[in-house]
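Paired with chain B in one complex and with chain C in the other, chain A is shared by the two complexes that follow.
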Partner chain A sequence: MSLTSLVPLIGIADVVIGLSLGSRLFLIAVGLSLIFGVLGVLNFAHGGFYMLGAYVTLAVVSNVVDNFWIAVVVGALAVGVVGAAIEFSAIRRLYNRVDSDLDQLIVTFGFVLVIHEAVRFIWGSGSYSIDPPDVFNFSVTLGGSTFNAYRLVVIGLAVGVLVALWLFITRTYFGSLVRGTSSDREMAAMLGVDVPRLYTGVFFLGSVLAGLGGALSAPLQATSPALGDQVIIDAFIVVVIGGLGSMSGAFVGAMLIGMMQSLGPQFISAGSIAIPFLAMVIVLLIRPEGLFGGIGE
Partner chain B sequence: MSATDTGGRVSRFGSAVAEGWTRERFGLLGAVALVLIALAPPFQVYLFTDFLVVALFALGFNLLYGYTGLLSFGHGLFYAGGAYGIAIVLRDLGPVIADIVGAGISPLVTFVLGGVVGLVLVVLVAVPVGWLSVRLEEIYFALITLAFGMLGYSLIIQDPAGLTNGTDGVIVLLGTVDLGGFSLRIGGRRIYYAISAVTVVAATYGVWRVVNSPFGTVCKAIRESPDRAAALGIDVGHHRWMTFIVSAAVVGIAGVLRAGLASVASPGLTHWSTSAIAVIATVIGGATYFYGPIVGAFIFLYIRWAISRFPALEAYWELFFGALLIAVVLFFKQGAVGGLLLLRDRLFGDGDGDGGGGGGGGALNGGQASTAADDGAESGDDNARADRGDNS
Partner chain C sequence: MVTEDSDTENKYKQADAAETSPGGRSPVGRRRFLQAAGAGAAVGLAGCSGGGGGDGGPVTLGAANILSGFASLYGEEAERGIDFAVSEINDNGGIDGRDVEVLVRDTEASADTAIQQIRSLVQEDNVDGLFGLDSSGVAQAVAPQISQLQMPFMITHAATPFVTSPQGEHEDSVGNEYVFRDSNSLAQDIYGAARVAENLDATEWATIGPDYAFGYETWDYFQAYCDGLGVEAEFTAEQFPALATSDYTPFISSILDADPDAVLTPLWGADLTTFIGQAESAGWFDQIDHTLFSVGMGTDLPSDGSPLPEGEYASTRYDPFVPDTEANNSFREAYYEEYESLPTYNAEGAYRAVHLYKEAIESAGGTDPSALVDEFTGMEHSGPVGDYQFSETNQATVASIWGTVTYDDEWESNVLDPVNRYEAGPDVLSEALGDSDLPAGI
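So, the complex of A and B:
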């Protein structure tokens, strides 16, 4: 297959789909990365948070208010509350342990099981889907290929979240507390930062982002209890490639993986789903701090 | 908990041995129990075989987690490696072997050869994977093993080499040995149980010997303090690598047995959620004890079975294990074996204020005390680990 015959295969729709997949991955990965960067906790339950966000949004839209955007906000905030409760009740007990990293990983894995089963208990094992909000539910045709306009909204919102987070971390007082605490917890505590409360706040924020990712993706995918298990692996790949704790890394990594998921199968038929894992292994071996920037921003 | 507490516990264990409960008697009792189980109803025999296989899986996993402090979320790769090794040999080499050794005995020869191939395959995979993985520590090790496991998973389901039959997996037919009037169905519940029991007991003994060998002592030294071990001239990376390979090999044997028990080698074995079973069993049983993973596997399978008796709860058994996992890590790091030892001390101890740190209260009290020790300083952790070493 020559290069010229490859080019027409990549339609604009594929690129848009890849970027929208990347956007949902960014929203889950940036929360994961933020929590790791500040608290040092690798939250295995983050995929569960994403799934929960999608379910709450679906439930609100179909049972409470027929407004997608209100449901998205409710979904994201509800997940934030669940996340903060988990941090407050369980994870904070482990910060001072000798093997705290592994204990945190195991406890958050325990919450993976709990959230998964709770979701199945409440909503059953079937899968749900909803339409994108009416305003954006139309097809766009660009360069001969067609995609749903809502995908562009998701991409735009992901970029918006990246910018807002960046401004929040670099320009606000709370952001400077977060930065200070992530680089030296003891010193921040000594200077009067209420570290436990800040940690709960960061965990809340990270969980809200995961919930937002799930909520916004609800119209783009089938929402089922298996969703959490799938996206957490993708999110791990993204944060490893981007660098655990790096926000811009999460963005670049997420878009990379999104494009890979969208375009990969067209280039390599066999073994294409292995490539992200291979990339994860290689990055961990060569640059464990990630390809883009180090711990921090 | 203090160092003297652990010392006391171990010495009482020692005195129990002196009173006539020798290791031989324990062994004999165990052997009698294993034989009696073979006479149980078929489903119970199956359940117990399942327990033995998961126990070996968790035991192999814990060589790495409990003994060297490396948490792998990718041991499903080696579990599947063993399973696919034997499954592919049975599928592709059965007729060839029948031509060589004769049809009557060929199922047994194929089964044994398949098991050996499965084990060799696992070691061949574990050598490079381990070499690369042990360069990383803590969550980075967990992440790279997760990545290797999922890499294996995706290769198995996409099957670029045409060996693994994609998402359907490879059917495992064990066949019947036929020697004149004497015939033996290898896959029969009781026969397969006997094979599994002998294999698992032998493998467990092997692991026990490794743990208590000079090699095991080096592992423990590395676990306590990699820096101090390195200062003593121990090649830390090399020993971690070797432990990784031994751990994978043990898990590979469990995988071989799994294939025969489930009659299929399926890609799900490689998925991280299968690797997590070893984590759940080990943590619940008590990673700081040699027998912890075995007790944990017992709890895992039998509680799951008990839950399945109640149709309303059956579908949600994972909820129970999730909650149990959280509770054990948060409040009772010693797991079930720690709890049992504490209980034994309370029932049979000589009442010198041991176990839970000052007596009084139930197991929970002891759990909090030991958690506090974990929380506090390294000494608490050392204490728990020294305990494991002596009890193994």
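So, the complex of A and C:
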């Protein structure tokens, strides 16, 4: 099949779907990247945070209040609290160890298992789904293909989060503390920055973003205990491609991977899941520091 | 019935570690390990000889089903069928006066876990017979192990034809004298799909199936049958997403872009539920004239009452209303009274497996595995599913059932109406497979 005969197969819906997949990947990857950029912690439990965001949202919307947006806020904040508690109780003790990288990896992986089993205990091992909020729950047909309008909302919110985060980091006092501390923790501490509290704050923010990704994605996917494992791999690919610690890298990387996931099945019927891995390998070979490399941007 | 989790996994891991411990630790360690392994093998052989709980104790059977993850409902339904059969048998004098008990283990849809669980059932719990399995991929990996363990295994669900086609018939064939199947196979089921296709106004066909043996085999058999039966069909698009995919949208979009007339999908378990929800919101059922769900009447959708799209086609390995016999009607009524839902095919297949063991053990006068294998070979049996026989390849000759999905308010469940039974004996299947090299497995 020639390339020209394939091009008409790519509809506008495929592009919208790709961007919405990219948007939810951005939300999880930017949190991962932020935590790594500032704290130097590679948080394996981040996929679990994303999954937890989706589950809490589902639970709130089904059992507590029949309002999706309130459920999203509760879901994201609940995950933030869980993240902050994990940082405060376990990860904080590892920063000054000699082999802290390995210790962090083991501890955060331990939390992956804990979160996974907790979710299975509370919600069982089946899968759940919810509808998008009524206002946006309608089909849009463009160029002969159909997608749900809610996808546009997710894309819009991801762009909004990117802008808000950028303003927060570059234009606020807290942002300058974060940047300063990520460049030189000891100097920041000597200048009177309460580094432990700042770290907990950053971990909270990163966790909220993961929870927000899961919460917003709940209407677009089945929520099951396998969810955390699936997205964490994609998120790592995103940050490797975009560049560890880079916010804009996370955005571009996520959109790239989202488009690959959306268009992959058009070109290869099985194993399209491998395309993002191939992209990662190529980027690592050509630019080992990632497309937007440079930690602590 | 007893459900239990196994701690065997750890034991095996420890054993492996002892054998392969690096640094050449003292040879005594290895010798002690070998002694322990020998003792274990002796225990295993004792189990194989059918010692079980002794002649006066209960008959113990082992079942391996998916009890967690995306298809956990299959295991839960199997457990219901097992419970139902066990209490029915024990209330009526047991098996030759002995009670029957069934140990159910979770395969987690993983071949490694299934093998460990089955070994543990045979070697530690000394079961007298085995049944279960819900995944084709797992069944293909397990079949050769069953032959090594020399213990009969009645497959109640996993549908790959390669576990009932004798080794050597095809490169993927793993059938052997110990492996039987009481439900119909993919080869029988998809024969029915091709017969449905024969009567549909559709020429361009596509598939979306899970990315493992079952997904690919379904599509291969469908194409072979269409060729063999002379169905006018072009095969235009195919998608194979991974098991437990949470977002099918890109795959759905790709099929919709190819714009086929009809789609055959063997998606199953929670994957099917997820797919249907996402397909509906993408406008799938408006754009595609016919969708054939080969596992549509499986478990998840009928049991929770959520409807399959009405008017589409689905198949089942057992239909609670067909055949209209005393055996089927009384089973359906009693089961409904107990569980307030219609029996799914996985419940019926497991229920029947326990009864098959009862019949074979009583006929053989004991639980000797080779005697049971002899009894099952060529056995004629009757159950809710109707009358059938085990073929030369140990496959039950049960019919393929396909029908139109209708929601039934009285039973609060999906049912098939109208429904067709396609009798698919060995000759019919072999002829319909035409020039392809695929085995009929029956």
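Note that in this section the second predicted complex is superposed on the first by the 288 of 297 C-alpha atoms of A that agree within 3 Å, B and C clash if a C-alpha of one lies under 4 Å from a C-alpha of the other, contacts with A are read in each partner's own complex, and residues count from 1 in each chain.
In this text, contacts are C-beta pairs under 8 Å (C-beta built on N, C-alpha and C of every residue); 3 or more make two chains touch, one makes a residue touch a chain.
For clarity, every value in this text was computed on a predicted model and none was experimentally measured.
Chemist: Can A:Phe109 be said to touch chain B (first), chain C (second), both, or neither?
Modeler: A:Phe109: touches chain B, not chain C.
Chemist: Between chain B and chain C, whom does A:Leu278 touch in the aligned arrangement: first, second, both, or neither?
Modeler: A:Leu278: touches chain B, not chain C.
Chemist: Touching A:Ala59, do we find chain B (first), chain C (second), both, or neither?
Modeler: neither
Chemist: Kindly classify A:Arg93 by the partners it touches after superposition: chain B alone (first), chain C alone (second), both, or neither?
Modeler: first
Chemist: Touching A:Gly11, do we find chain B (first), chain C (second), both, or neither?
Modeler: The second partner, chain C, only.
Chemist: In the overlaid three-chain picture, which partner chain does A:Phe236 touch, first (chain B) or second (chain C), both, or neither?
Modeler: First partner only.
Chemist: Name the contact category of A:Gly126: first (chain B only), second (chain C only), both, or neither.
Modeler: Second partner only, chain C.
Chemist: Examine A:Pro288 and indicate which partner it touches, taking first as chain B and second as chain C; both and neither are also allowed.
Modeler: Once the two structures are laid over each other on A, A:Pro288 reaches chain B alone.
Chemist: Using the superposition on chain A described above, determine whether A:Glu117 touches chain B (first), chain C (second), both, or neither.
Modeler: A:Glu117 sits against chain B, while chain C stays out of touch.
Chemist: Of all the chain A residues, which ones make contact with chain B and with chain C?
Modeler: After superposing on chain A, chain A residues 120, 270-273 contact both chain B and chain C.
Chemist: Please give the residue numbers of chain C that touch chain A in the complex, ascending.
Modeler: Chain C residues touching chain A: 68-70, 72-73, 211, 237-242, 244, 246-247, 249-251, 253-254, 256-258, 270, 273-274, 277, 281-283, 287.
Chemist: State the interface residues of chain A toward chain C in the complex, per the touch definition above.
Modeler: Residues in contact with chain C: 9-11, 13-14, 17-18, 21, 120, 124-127, 129, 139, 141, 145-148, 220-227, 230, 261-266, 269-273.
Chemist: Taking the touch rule as given, give the residues of chain B at its contact with chain A in the complex, in rising order.
Modeler: Within the complex, chain B contacts chain A at residues 69, 71, 132, 135-136, 138-140, 142-144, 146-148, 150-151, 154-155, 157-160, 272-273, 276, 279, 283, 315-316, 318-319, 321-326, 329-330, 333, 374-375, 378, 380-381.
Chemist: Can you name the residues of chain A that touch chain B in the complex?
Modeler: Residue positions touching the partner: 42, 90, 93-94, 96-99, 101-103, 105-107, 109-114, 116-118, 120-121, 229, 233, 236-237, 240, 270-274, 277-278, 280-281, 284-285, 288.
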